[in-house]
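These are the structures in question, set out in turn.
In what comes next, chain A is part of two complexes: it sits with chain B in the first one and with chain C in the second one.
Coming up: the complex of A and B.
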């Protein structure tokens, strides 16, 4: 029981992070039909920027956190303007390849800026771990869950309660029809890039105290987030959340009860299974409902 | 109000319209009829700003529409009901209507939007009943009404409609077109593109006939309805009716 609880805590914590990365994938995919393979690099940039701003520049956490996220969101938007919008004949495969190229570029740039070291940052609060039924719940896990809950609620409000959120959905459903109503689809695409990159950065920021941050951390996290998004149904809002938590839990249980060498294999096993059994994902429907 | 002179449109290197002229006066309903592939829809997409790169002259209220993106065309007062309706199926009926007023809500014209919403819902009471439903659950006719209502929410002075009768039962088509003539009576100017020449000419003041990118005929709608060529090609009259007594 004690073991199970411990695996549960770590599974939900990791799952929440995968969920945020998956939300980044889904936000961009639903607005632009594009899978961004540089999403993991936004996570890495978020983590390393927080480390620099918080521990090296000595900014307070409450300022360093949002600043790191805004900076990465700006990187995402600049990337859209410079590398995606300028493509003369955009075909899906070409754009996906551009994002793959961008991921290599971001990784290389980060290596030049931060070197090949791994960095660590302290936990957001210095309270010691709480013991529940013999298992330990770390305060950073609560931070992560809290931030993710606020994000999910905020995004949900954005999509369902604001005109801009609805306009973004409209562009996702039918770009031409949305343009005919006066919605500038280019602006919505730009906004989607900012949102997706910002979401990646949030994941990087909240994960940085429980892992070592380095220039190459994004690849695996990006792939895990992609698995989570596919698992729940790419482009589906709640699918990303469900997929992330499910992946985190499966991973934690697999590591705990089977073998720790399985950790990364589990994500890809799940991905293969879902592609084989239900390619639209758990919550993905053939119907027109996206969010 | 709308003045088109010598309009040429291209899809890549293919010319879809080869020098078309057309005019719509304030308060008129004008029908543009023609078969599949005659270039009717191309004309509307050029006006709405979705098909850049046309040549010729396109004037709305005396000002050129050249180089304007769709949102600027909407802002000038031209709304289009696209072919196939293109409603947002995953959003509610009410959200679809509110998105129609996107630019006006952005400009904080909340009072005007509220008024027009009430007006649209009184023109199409069925949309009021279904306000909270996903638009995708509506029937074809209801979706067409929603598409028209959505376009009206932008408070256009000129309404463009692309094949509003497509895929609808005759009774519903009648209803849609009688709504159009009611809107005209309230002062709206309308340009409607149709394959269903009978329905389109019945409510129109004037008509144009387009064939493979060229304007072949124009005149008062009532005259076009009686025109032998139009009858044969677009009104689906039995060929025997024409040959009889001609020998």
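Coming up: the complex of A and C.
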């Protein structure tokens, strides 16, 4: 029981992080039909920027956190304008390769700026771990869960209660129709890039105290966030959340009860399983067409 | 909507548009018919010349690597360029070929040539089994299915320590020999690899111009339409996927016996992406483009060594820039530029 609780806590914590990364994928996919292989690099940039701003420049956390996220969001938007919008005849494979190239570029840039070292960051609050049923719940886990809950609620409000959010959804559903109704779809695409990159950065910021941050941390996190998004249903808001938590839990239980060498394989096994059984994901519609 | 996406998503698929060549149709036609043979001749002549005069270990190694990468690229090009199916896990077949022969020759001390059939059959069989459910998927979903498969195989290489040596890799793979005749020497191996490349080119162009090849390009254009006119789309896709896996496995076999040491990092996700980049940069649905793409992406890191720590960044930058400005691949881009220049010249000629 004690073991199970411990696995549960770590599973939910990791799951929440996967969920945020998956939300980034889904936000961008529903607005632009694009899968961004540099999403993991946004996570890495968020973690390393927070480390620099907080521990090296010694900014207070409440300023360093949003600044890191905004900077990464700006990187995402610049990337959209410089590399994605300039493609004359965009095709999925081409755009995928551009984002892959960009991920190599970001990784190389981060290696220049931060070197090949791994950095650690202190936990956000110095309260000691809480004991529940013999298992320990670390305050950073609570931070992560809290941030993710606020984020999900905020995004939900944004999509359903604000005009911009509704316009973004309109573009996601039907771009031409939205344009006819006066929605500036290019602006929405840009916003989606900023949002997706920012979400990645948030994941990086909240994960940095529980893992070592280095220039190459993004690849695996990005791919797993991607698996989570597929699991729940690509482009589906709640699907990303459900997929992330499910992936985190399965991973934690698999590592705990089966074998730790399985850890990285679980995400991809789940991915294949869902692709063969129901390609549109757990919360996806029956057909593979998006709407 | 998905339909529209599919069609706009395949710039390389329409057979060379007649529009740009419209000015001089007869000469272009003849040139295009001669071009393939010219290619074989040029490569053979170049190799002979190299074999006779050059004697540089580094260049021989590099050329051999280009050959191995070309095998990978041309195989994937059959799947991606001709049949229009994305595979983001091709390094898995490359690795399966290398590890099959590695395990058989190191652990069971088989002679390398005896391991060759197994090194081709195992990946082909895996491709057949995995292809059956995976090739039912389309677009991004297919990309992700193949990506997931590639990652799992990569993790298998890393974790199945008893067979693969784990993260440290498999050491002591013997060099290639046929009975008493050693095929290991630098230039001998170079000729062997390029012989395989030219053979694979011949096979691929035969397939492309055969009934199966036409079925594949029909599938590329519209799978529903192909099925409607009686193409067994699933079977055609599976066949080309298995063929392509076998070519990648051959590349893996040649690679393993060349470097005699293999480790999981040589078959990672990034390697899969590099093979895709070779195909796209060389030009989708272009057999000789594969050679070009493989050559360029093999040489590029060598050229970038002078930038030392900026190397990785510049590599990424080059990839992005090429994709933005030459969406049809560099081969196509260069040919188009040449075509434009020539048309300007011939267009100006008669009027002056």
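Basically, the second predicted complex is superposed on the first by the 285 of 291 C-alpha atoms of A that agree within 3 Å, B and C clash if a C-alpha of one lies under 4 Å from a C-alpha of the other, contacts with A are read in each partner's own complex, and residues count from 1 in each chain.
Note that contacts are C-beta pairs under 8 Å (C-beta built on N, C-alpha and C of every residue); 3 or more make two chains touch, one makes a residue touch a chain.
Note that the coordinates shown come from a computational prediction; the quantities given were computed from them, not determined experimentally.
Asks: According to the stated criteria, A:170 is in contact with first (chain B), second (chain C), both, or neither; which is it?
Replies: First partner only, chain B.
Asks: Which partner does A:246 contact after superposing on A: first (chain B), second (chain C), both, neither?
Replies: neither
Asks: According to the stated criteria, A:188 is in contact with first (chain B), second (chain C), both, or neither; which is it?
Replies: neither
Asks: Determine, under the contact definition given at the top, whether A:276 touches first (chain B), second (chain C), both, or neither.
Replies: So A:276 only meets chain C here.
Asks: In the superposed arrangement, which partner chain does A:265 touch: chain B (first), chain C (second), both, or neither?
Replies: A:265: touches chain C, not chain B.
Asks: With both structures placed on chain A, which of the two partners, chain B or chain C, ends up touching more residues of chain A?
Replies: C
Asks: In the superposed arrangement, which partner chain does A:178 touch: chain B (first), chain C (second), both, or neither?
Replies: In the superposition, A:178 touches chain B alone.
Asks: If I apply the document's touch criterion, which positions on chain A are contacted by chain B in one structure and by chain C in the other?
Replies: On chain A, the overlap between the chain B and chain C contacts is residues 288-291.
Asks: Provide the residue numbers of chain A that touch chain B in the complex, in ascending order.
Replies: That would be residues 163, 166-167, 169-170, 173-174, 176-184, 287-291 of chain A.
Asks: Any idea which chain A residues touch chain C in the complex?
Replies: 33, 35, 83, 86-94, 96-98, 100-109, 111-112, 219, 223, 226-227, 230, 234, 261, 264-265, 268-269, 271-272, 275-276, 279, 288-291
Asks: Quick check on the complex: what are the chain B residues that touch chain A?
Replies: Those residues of chain B that touch chain A are 48-50, 69-71, 74-75, 79-80, 82, 86-91, 95, 98-100, 102-103, 105-106, 134, 136, 150-151, 154.
Asks: Per the contact definition, I'd like the list of chain C residues that touch chain A in the complex.
Replies: Residues 1-2, 5, 8-11, 80, 86, 133-134, 137-141, 143-145, 147-149, 151-152, 155-156, 159, 269, 273, 276-277, 280, 309-320, 323-324, 327.
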